[in-house]
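Consider the two complexes below, in which chain A is the common component and chain B and chain C are the respective partners.
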Partner chain A sequence: MSIAHKETTMETRITTTTAARPTAVTSPGGGPRRGVNREGLEAGKRSTRTILWILLAASLVLYGFPFVYLLLTSFKTPIDTIAVPPTILPKEWTVVNYMNALGRGGVVASIINSVQTAVISTLLSLLLAVPAAYGITRYKTLSGRVFIMAALVTRMVPPVAIGIPLASMMASVGMSDTPIALAIAHTTISLPLSIWLMSSFFEAVPRDLEEAATVDGCSRLGALWRVVVPVVSGGIAVTAIFAFLASWNEFLFALLMTAIRSQTTPVVIANFQTQFGLDWGSMTALAAVYSIPVILLTLLLQRKIVAGMTLGAVKG
Partner chain B sequence: MRITDRRFALYLMTPAALFLAVFVAYPLFRLVADSFFKISPIVGGPRDFVGLDNYVRAFTDEAFIGAGWRTLAYTLVVVTLEFALGLGMALLFTTLGNKSQIWRTVFLYPLMIAPIVAGLLWKFLMIDNFGLIGTLLTQIGILHNPNQIGWLSDPGIVLFSVAIPDIWLTTSFMCLVLFAGLQNIPGDLIEAARLDGARSASLLFRIILPLLRPVIAVALVVRGIDAARAFDTILIQTNGGPQSASETMSLLIYRTMIRFGDPGLASAMGTLYLLAMLGIAFVAVATIWRPGKDN
Partner chain C sequence: MSSRKTISRLVAIGGICTAVVLAATGCGAGGPAASGSTASNTINVLVEAGGHAELAGVADVCKKETGIEANFVELPYEGLFNRLSSEFSSGNVSFDVAALDSVWIPSFKDAVQPIDELFTDEAKKDIFPALVKEANVNGHFIGMPAWTNAEIILYRKDLFEDAKNKADFKAKYGYELAAPTTWKQYQDISEFFTKDGMFGTDVKGAVETEWLAHVLQAGSPMVLDDKNNVVIDNAAHKEALDFYTSLVKSAPSGAAQVDWAAAQNLFNQGKTAMTRFWAHAYRQIPKDAAVFGKVGAAPMIGGSAGVAGVPGPWYLSVPKATKNSDAAKKFIKCAYDHNDLGIESKLGLAARISAFEKYQDKPGYESFKPLIQTLNAKATATRPATAKWQQIVDTVLTPTLQKAVAGGDSSALLAEAKTKVQALLK
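Let's turn to the complex of A and B:
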């Protein structure tokens, strides 16, 4: 299918470093088309628009409510959390759940593990995906096409199928229960996605750019590193966020491959349920602590993320 | 000495290819190999070649067949509802135009939440006695008492209940992708159809959806694969219960491997599961996408 960002003019792509960010995907291709599209699908009548806004507000309230309820619950007293009938607002606001959750042994350590694992996995993913995607998109060789198909097929592999063999492989080289082992496992998830995303971003870089660089005496590797990588830095940032989120939120590999030492927070959250009975208060507090930083981070970087997500999927 | 472009490209791909070979292809090979053995769960225990015995056991196992159907039903429910809701939201955002941009962002937030947290949150909302949903539905008069619907305890409906967090988490993704697709539909086409007197419904089914076909194909396949692998949300909500009514394939394989300690059988199940996914994905891509028939 035609991707709008291909239509953006070359000048805009070269002049800004974030040019490879395909914001054009979320807004229609060129300037003139946007105007036409507005008349096309956008609702014209004032009354219709009012109804649509009300509909949107209602959907957003419904859609947003579950997480708001999680936050509100985390500020209730432990007894209040399981009161019958439940109330939406806390009767008495307290941070006791947060004290309980963070004070519990292993919880803070698990957050550190999560950060470590996600950072290692993100770096590994980028280190492998950036050159591979460049090789695929710049030199359209047969091996490149085979490789990107193979990378897509790995997306279908259920983690439950390779988790156990992976764990025993790590054990045989003395790396079981380490953040590095888990980071490698997480990279099997994020690498295909990263290659896919980075390929789309490289696709948008004009070929003349590194041809000019090689003429000026740069090696191909030098051209990639000094000319192309700075141009796609926006795309690399998007890919990094996706790799980070994939690792941060992953549960099954973490469950299969870690014991106490390198356990990440999702496993700890799940264990609250069995180990300590049903401590809903602490669970909601820890879930909030774990989710809010990434929600804020991604909302801050939302434009880039939206572009990346759309590109990854629309590109196909 | 200058290496050829082709070779240079190959060198660039080699590290990633090696990584995937060692950490995905090799474990997969081990999985398939293990499926022909009867393996003791004890480390260093006996390992006997049994041929296709594990496959025969899988196919004669009611749990396996049941989990297969449940996985299919779960995936269809998740993907259908997500698609309907996502398309609805995408159309809503499109008809409202650029002023809705900030709300589009807000709508994305569940994508950042860990599935395990989403599962936990919805379990808390639907749980018997102190679940909020039952209480609210009673207060507005739809239910007679808060426990009338046992969202997570009634085997008849539990498979749908455990799908809710998954739908909640990724409707945003559907919406986002379809929204981007909608932006690429030329406005004059819509204009022309309107002038010809096309009503909204026929505009949607005759013009918009056919034009979105490639985007829809990718979105459905990507989400279908993810939904068929769902594990976290179901594990934390019901652990496959009650009476295995929400036990999908991932959960069954996990339990066979870990709880029942039968790696051979679990590997055979895993191999069949992967083959089924590959098969369905290819059929789906071929039928929905119909590459080459651009109309």
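Let's turn to the complex of A and C:
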């Protein structure tokens, strides 16, 4: 069987699995048809539908309200940001907070630093996690199992416990206050999770695929690169997102390891809270700006993320 | 588009990104490296974010006068302590001058070098007595005050000057309505203005400094005496705590959770008629606030020992580990010489008496005279010099205060607090 045929088989299998799921049944007019067994928000019973919609709305409010409130606060005047009791909508809309935040010295540099650090950290995580996870899932050895458990254990160590020694080590090798040093530190956070995530994605890929590839003349690495990696590309996207976010939002290591040259934006955002007061408006404005790249990245990779999650969900 | 093409594109984009990023990483985006340990005319100054503005003007002048360029590393308050701890303990510092909160002096006293030569007789006369005492550790001066603060009384001038309020107050309490100078007056005025949805004052249960100022006013050292005996259960502490909790009925509910930010908000929103607050807040009232232009300032109130406050100074210190000591000390000397420049900053504070006096009669600086009086008061004292102070505050003083403002028995709470503080100091 050719590799292309095998890929098609895999895609068909996933499509079949997806197709087997209950889907909304619509009438020719587009509305749901009565008497058909439907699930989720398209459920036939009105009470079920109502409950589900309420739950959905509650979840949306729970997750979305803090960000919406942050966004609205960023457009409030200084006195409006500290109103007692708090108000949701600004009494007077202003962009002065954005001007203050972005005009503050070091903010633009910090955003560049954040991008540098997060990209390097994500690439490092993927470069290490993909082969590690592949090895663990394909060669089911005792050492592999110990390794993956050990990777999990490192997630349980409080970052502050390794932050200070790591900062000293970086300083001793002349790498203090550099994005690369911070990226390495961030990789220690994201790597264990990346390995675990990638392991679950590799588990979902049938061995038959690689065997077919090797029969067709591929080496093991060739099969990994030409067959397995394309199949788990959604999983790689999911892992990349998690690794990127872990670095993008990280605060403690950035606090301990950066100074003038490589300070990242989370530290700058925190600097709006001083011993003498809290500049809510500027803080929320910069936080809103800082969240834009992540939102865009998530939207851009949305299809890959969903595909990756589906891949993990149908394994076995 | 096939998966393989997608992967190829991602790899290509990733490769380009990596190359660009790694190339850019060589110099970073923020400026020069924070090496901090090589002798040069450039120094790194580690400072809390709020204090940066205080030194920015000074740095410009010092560059012109001495040729020393200061790069500031700004960190949030909590993070600054962690950073200082980690770098001092490793012996590898990335800064040449550090701005230290006064409560950190005992913790870092062995990591910074003496700067006795900067404390001339003239300088010692121009710095508030409590600060001169605090900066001197084991016979050496280890930090030059850069700016200081203290709590004063901020009150609603418009309400105090209102004819009806004046008449009603006199009829009820038998004396003229004016800015309070004693505990009794503060209680009366707080009670008087607690009406029609407004409150006379706030009670801050989540921060301990104000209660400790009242302890000084009652004639006792704060928590520890000069021999490090725990005196938190003495009569003055109880008297101060009882006064503090007596104001709860004239304050907004939820006193246990009220901290500096909440109290400042309440006052700026016009919800309270008076507040005991750090002097810098007078100049930070937003122009669109309900109380803008209607606020008066007075010295901190006094108890049996008179007026007293707890100063909140920051000191500039030179780490022992820096190799740039000379430039660092020159910068500190320059910062002292031009200390008044800090007053022009957003925070608007200084450390030298002469700097405050230079501005005290100018419009907009009405809080300076009360601040000078409070800082010069005989009973004013800095916090006890123990490295465990922050721990005592977090684990004993604040919880004790929160229980007290919630209605707890003051004697029992102070006795319990004494045991806990003693255990911490063992």
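Everything that follows uses one rule, which is that the second predicted complex is superposed on the first by the 222 of 316 C-alpha atoms of A that agree within 3 Å, B and C clash if a C-alpha of one lies under 4 Å from a C-alpha of the other, contacts with A are read in each partner's own complex, and residues count from 1 in each chain.
Here is the rule we go by: contacts are C-beta pairs under 8 Å (C-beta built on N, C-alpha and C of every residue); 3 or more make two chains touch, one makes a residue touch a chain.
Keep in mind the model is a prediction, meaning the values are calculated, not measured.
Looking at the shared chain after the overlay, A:Q273 reaches both chain B and chain C. Of the two partner chains, chain B is the only one that A:R49 touches; chain C does not reach it. In the superposition on chain A, contact of A:T154 is made with chain B only, not with chain C. When the shared chain is aligned, chain C comes close enough to touch A:I120, but chain B does not. More residues of chain A lie in touch with B than with the remaining chain of the pair chain B and chain C.
In the superposition on chain A, contact is made by A:I164 with both chain B and chain C.
Once chain A of one complex is fitted onto chain A of the other, the partner contacts of A:V95 are absent, as it touches neither chain B nor chain C. After overlaying the two complexes on the shared chain, residue contacts for A:Q263 are found with chain C alone; chain B is out of touch. Residue contacts after overlaying the shared chain place A:A83 against chain B and chain C alike.
On chain A, the surface patch touched by chain B in one complex and by chain C in the other comprises residues 82-84, 160, 164, 270, 273. Those residues of chain A whose C-beta lies close enough to touch chain C in the complex are 7, 77-79, 82-84, 106, 108-110, 112-113, 115-116, 119-120, 123, 160, 163-164, 167-168, 171-172, 176-180, 226, 229-231, 233, 255-256, 259-263, 267-268, 270-278. Listing the residues of chain A that touch chain B in their complex gives 1-2, 4, 25-29, 33, 35-43, 49, 52-53, 55-56, 59-60, 63-64, 66-67, 69-70, 73, 81-86, 88, 127-129, 131-132, 134-136, 138-139, 141, 143-144, 147, 150-151, 153-162, 164-166, 169, 184-185, 187-188, 191-192, 195, 220, 245, 248-249, 251-252, 266, 269-270, 273, 280, 283-284, 287, 290-291, 294-295, 298-299, 302, 305-306, 309-310, 313-314, 316.
Chain contact summary for the complex, chain C toward chain A: residues 2-4, 6-7, 10, 14, 17-18, 21-22, 24-25, 27-36, 44, 46, 48-51, 71-77, 79, 82-83, 85-87, 89-90, 92, 94-95, 101, 149, 261, 264-266, 268-269, 271, 278, 280-281, 284, 286, 288-290, 347. Chain B makes touch with chain A in their complex at residues 5-6, 8-13, 15-17, 19-20, 23-24, 26-28, 30-31, 34, 89, 91-97, 100, 103-117, 120-122, 124-125, 129-132, 135, 146, 168, 171, 173, 176-177, 179-191, 214-215, 217-219, 222, 225, 228-229, 231-232, 235-236, 249-250, 253-254, 257, 263, 266-267, 270-271, 273-274, 277-278, 281.
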